[in-house]
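Order as written gives the chain letters A, B, C and D; numbering starts at 1 within each chain.
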Amino acid sequence: MKKILLLVLSIALVFLVGCNKDSKEETVTLNVFNWGDYIGEETIAKFEEETGIKVNYEMFDSNEAMYTKLKSGAVDYDVLIPSDYMIEKLISEDMLLELDMNNIDNFKYVDDTFKGLAYDPDNKYSVAYMWGTLGILYNTEMVTEPVDSWNILWDEKYADSIIMKDSVRDSFVPALKLMGESINTMDEGKWEEALKMLQAQKAIVQGYAADEVRDKMIGEEAALSIMYSGEALLTMEENENLAYVVPKEGSNMWFDAMCIPKTAKNKAAAEQFINFMTRPDIAFENADYIGYSTPITEAKKMLDPEIQNDPAAYPSADILEQCEVFIDLGQKMTDFTLEKWNELKAY
Amino acid sequence: MLRKWLATPYILWAIIFTIIPLAMILIYGVTIDDGGIRFSLENIMKAFDPIYFKALLRSIYYALISTIICLIIAYPLALILTEKRNAKVTVIFIFVLPMWMNFLLRTYAWLTILETNNGFLNTVLRFLHLPTIQIIGTPNAIILGMVYNFLPFMILPIYNVLSKIDPYVLEAAFDLGASKLTRFVKVILPLSIPGVISGITMVFMPAITTFVIPKLLGSGKINLIGNLIEQQFVQSYNWYFGASLSLVLMVIILISMGILNRVDPSREGGAL
Amino acid sequence: MIKSGLKKLYMGLVFIFLYAPIVTLIVFSFNDSKSRAKWEGFTLKWYANMFHDPVIVKSLYYTLIIALIAAIVATLIGTFAAIGIHYMKKWFRGIVMNITYLPVLNPDIVTGIGLMLLFILINLKLGFESLLLAHITFCIPYVIISVLPKLKQLTPNTFEAALDLGATPFQTIWKVIVPEISPGIVTGFLLSFTLSLDDFVISYFTTGNGVQTLSITIYTMTKRGIKPEINALSTILFAAILVLLILINRRPGKNNVLLD
Amino acid sequence: MKNSLIRLENISKSFDDELILNHISLDVKKNDFVTLLGPSGCGKTTTLRIIGGFETPDDGQVYFNDKVITQKPPYKRNINTVFQKYALFPHYNVFDNIAFGLKIKKMHHSDIKKKVDWALNLVNLKNFENRNIHQMSGGQQQRIAIARAIVNEPEVLLLDEPLGALDLKLRKDMQYELKELQRELGITFIYVTHDQEEALTMSSTVVVMNDGVIQQAGSPEMIYNEPTNAFVADFIGESNIISGVMRKDCFVELFNHGFVCVDKGFGINEAVDVVIRPEDVILLKPEKDKLTGKVTDCIFKGVHYETYVEAGGKEWMIHNTKSHIIGSDVSIDIAPENIHIMKKR
């Protein structure tokens, strides 16, 4: 009897879910694809309330995973929020729609520093969402000397206390920058040279960590790690001994930006969403929740002055000048760098 | 008769949702895309390139060690369980309940316990003035993670088979003059082989392909084949090569299954 | 005496090993710090905040619905399949069982991408339906391997006996076979539900249209780390199933039905 | 044709290329107690399963009241079965097991109660209806299985070695009870066993099977006294099977000694098998013209002595009431009507 009941219940459930969807078809729905936990908790509800547009919010864990899903064409996404090099890749593969800036009035609030960047030089396809740098997060108790160079990641004093990133391009940044090279170099020889440096470094590296690096730094399991500024800001909140620096050799400056893929069914609504997210009050709320750096000047001004003046969050212009944005290296070069990465991990 | 048709919905389901997707992956495995898509074994050959093949061998090696450890831990436990009256409840507590915590969260929790400096275990050891251990980031941590995750899959089948051994058979063994040890070696062990085989299958195979465990517990210093397959599919969008790697892996799995099937041709141990 | 003590000790050690991370997680769900690396005092705030994040609430909803439906459907198809397989000719049974083991042994990512390719091929937009189909697919084998051993334990001729007494094949299955193998069915259902709950990789590649499970939500929290609210939610879920299991097994007058 | 309730016509069946039944034909009359007897693997259970509808023959037809039922599923046949290991449903209690078939027929529950009571009474298990199956002994389970079948009032009851798992005493009791039951119910029983004694005791017709072929069918007396071939003779009861030569009608030569018999119609000097039951051999003091041998063993068996005599190069088994000294010489005599001549196989 119970089983029959359960069966009936489940069939009813399927219908319910099915019907639900049908009734929603009438209103405009927007498929937004973003990183997990990377938007203010009430932001979407606010947008839905203001515009009457229903948002289907989906999350990915990496640019690459996002790309795989998008490329498959299995879902018609309307708004994506990937990172810089991924946007360039999407542009070069003709997968993005040009934005109509007339519909994104609030674009004017984006700081000029963050316009016309290498991945989208004419601001035709994307509007910056968050930004930051790649640097060294270190424990001031464990590292007493001043930290200002990538060099310290090769210092044997800190053997087993250095954490690199489990990501090809990020982990190659220190080596390439120490060589005085561009992080976007297409010269295979340079990559080989950088690989040699990383192979030499591997003996003193504790690990190539992904997200768990934050907890490792908070728990003082390591003295030094390379990290994005946004994550570093969150991490420093949990342990006051931690400090963040962008080394003098220069580094990577990264962006997550909103764009509209060609598969979009609702370009107008998508632009409305981008416009909404760029509005200073929303951008402020968003940045306040996420804790990353916002490219919207007006929004920044609303933040706690302590954060506004934190060089980790908003570094000075001369530091930024040293920094480069990742550019997509193309399939062949990407495969090559991955091969180098696998070589590094092979032993 | 009807019962012969009962499996038909499943067989159809399996053809559509298991065979066809797998066939599509296999097609990717034996083709390449250089302008046009064509048949080629190039990627299969590439899978034997030292970088990848070493990772494969290493995966097999770690999976093998984990399987052996699981077997060593699980067998006595299963024996003890057969003597318990409320064994079934215990089995649920071993098998189902832990999985109700998200796998990623559980693996993270191991970090909290095992971290070298301020991990829970080492804090206790230090408090007791005992030498601390360093395990995170080593192959041992990967093996620990595998054993932790797959141990229940070894305990259950062995327990299931052991609990079904006819008690008279055991008495008969004593009756015929077998000592406890002889009885174990000559009667219990051979009778439990199907469960052991099933356990080995359920531990060894998933252990080969895991990629989260080496990433987190191994601190990402070592690539296992699971990492490489994931990398090819997701990071470099090279489905052709990713499929080739999985194809090679699958052949190895099928060969090991074939060998296991020889030991237990009836697959009686198909019991979870 | 010493021997039984040793056995208890051994069991205890294995249990400590299996439950250490879970206890850790539960303890840290009361941690005042956001990090799982440092204990900063007791708090209940994560429990209070648990349902504030709409994304978490929604993914909890989808997780439970998907797991429930997937487990029910997989249990139905899988149970019938197991009965069918049990009465199959030996060689055919061998083939079907090998197919059954395929999803169990394949790397998740291969299964996930394979299914995604299939859904594209048959032009099914990713979303609730595709996610459900995928979950059912990877759950069925576990139902089959839970139910088959129970069928092997049936007294011979059970099926014939019921037919003989006038039951149609359908009545036979429903009134005789199913009740007798019910422990295996319950196990299969429980396993399906659990695996559905825990899956990330296959889910990620087969979902869309805003349908996200808790696993996806957890795995994609890469930018800011896993929210401590997740620990609180997991603790609650864990406690809920624990209580449920205890209740089921304490039911008076019934032998425990689970995992026979 | 008339009077036959079940008729098998030219039935053949093979499993995995192994021929189990080889063109079998059989008539079962109404109210008959038919026993299918044979060694394991002879096809008797398969025959029963074909009658029950659990197997479909590859060839041939099954008739029930002169209607073809070959393809009819078991649940549409008014035939019930008592299975070898009873196949009781462990998740039901005694009452629900017996009531199973009635509930399927959607009978009113007060009627069900009445009928179950009746059936339980019939198998001497009154007041057991609320017991669990696993609380019952083997003999009781047996009775429940029988009650579960007969409560449906079948025209034919099939029994597949139902007493195989019971001890000797219980088996004897049940044999008697089953026979009583059959008489009382007035329905047809088809009974499968490999125990020849059981077959002879209970049946009105015995069907001896071997290698998928019916060797002989007939009354127990006929089967016992007039076996058609050496297999039947050997399988039914104990017998001395001796090679002989027919010298003329009613005269057979065994070990160079002539014996008068009653069989005719064999060719002159045809080699034949001769069956002589142990109790039909008469032992005499040694006489010159008779077949003579030496007593090799003599065992007391309760009602008789089992005496072994070495005569003519063969060991004879003899049942009689006198004991003989081992080593003594004896002559063998056999009454003509007790010499059964069969064609050599």
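Note that a residue touches a chain if its C-beta (ideal position, glycine included) is under 8 Å from a C-beta of that chain, and two chains touch if they have at least 3 such contacts.
Just so you know, these numbers come straight off a predicted model, no measurement behind them.
*Asks:* Determine the set of chains touching subunit B that also touch subunit D.
*Replies:* C
*Asks:* Can you name the chain that lies farthest from subunit A, using the mean of each chain's Cα atoms as its centre?
*Replies:* D
*Asks:* Can you check which chain pair, A-B or A-C, has more C-beta pairs in contact?
*Replies:* Here the pair linked by more C-beta pairs in contact is A-C.
*Asks:* Whole-Å distance, subunit A centre to subunit D centre, using C-alpha means?
*Replies:* 85
*Asks:* Suppose each chain is reduced to the average of its Cα coordinates; what separation in Å results between subunit A and subunit B?
*Replies:* Distance between chain centres: 34 Å.
*Asks:* Could you tell me the distance, in whole angstrom, between the mean C-alpha positions of subunit A and subunit C?
*Replies:* Chain centroid spacing, subunit A to subunit C, equals 33 Å.
*Asks:* Round to the nearest whole Å and give the separation of the Cα centres of subunit B and subunit C.
*Replies:* Subunit B and subunit C have C-alpha centres separated by 17 Å.
*Asks:* Subunit D: which residues touch two or more other chains?
*Replies:* 73
*Asks:* Quick check on subunit C: which residues sit in contact with 2+ other chains?
*Replies:* Only 36-38, 113, 117, 169, 218-219, 226 qualify.
*Asks:* Where in subunit A do residues touch two or more of the other chains?
*Replies:* Correct list: 62, 65, 68, 210, 215-216, 219, 221.
*Asks:* Let me make sure I understand the interfaces: which chain pairs count as touching?
*Replies:* Every pair of chains in contact is listed here: A-B, A-C, B-C, C-D.
*Asks:* Help me check something: in the complex, which residues belonging to subunit D touch subunit C?
*Replies:* Touching subunit C: residues 49, 52-54, 73-75, 79-81, 83-91, 100-101, 104-105, 148-149, 152 of subunit D.
*Asks:* Over in the complex, which subunit C residues touch subunit A? Could you list them?
*Replies:* Touch residues, subunit C against subunit A: 33-38, 52-55, 65, 68-69, 72-73, 76, 113, 116-117, 119-120, 125-128, 130, 204-205, 207-212, 216-227.
*Asks:* Show which residues of subunit A lie in contact with subunit B when the two form their complex.
*Replies:* Going through subunit A, the ones touching subunit B are 62, 64-65, 67-68, 71, 163, 166, 168, 202, 205-210, 212, 215-216, 219-221, 331, 334-335, 338-339, 342-343, 345-346.
*Asks:* Under the touch definition given earlier, write down the residues of subunit A that touch subunit C in their complex.
*Replies:* Going by the criterion above, the answer is residues 6-7, 10, 13-14, 17, 21, 31, 35-38, 41-42, 44-45, 55-62, 65, 68-69, 72-76, 210-211, 214-216, 218-219, 221, 230-231, 234, 237-239, 290-292.
*Asks:* Once bound in the complex, which stretches of subunit C touch subunit B?
*Replies:* 7, 10-11, 14-15, 17-22, 24-25, 28, 36-38, 77-78, 80-85, 87-88, 94, 96-111, 113-115, 117-118, 121, 133-134, 136-137, 140, 142, 144-146, 148-149, 152-153, 159, 169-170, 173, 187, 190-191, 194-195, 197-198, 200, 214-215, 218-219, 226, 230-231, 234, 237-238, 241-242, 245, 249, 256, 258-260
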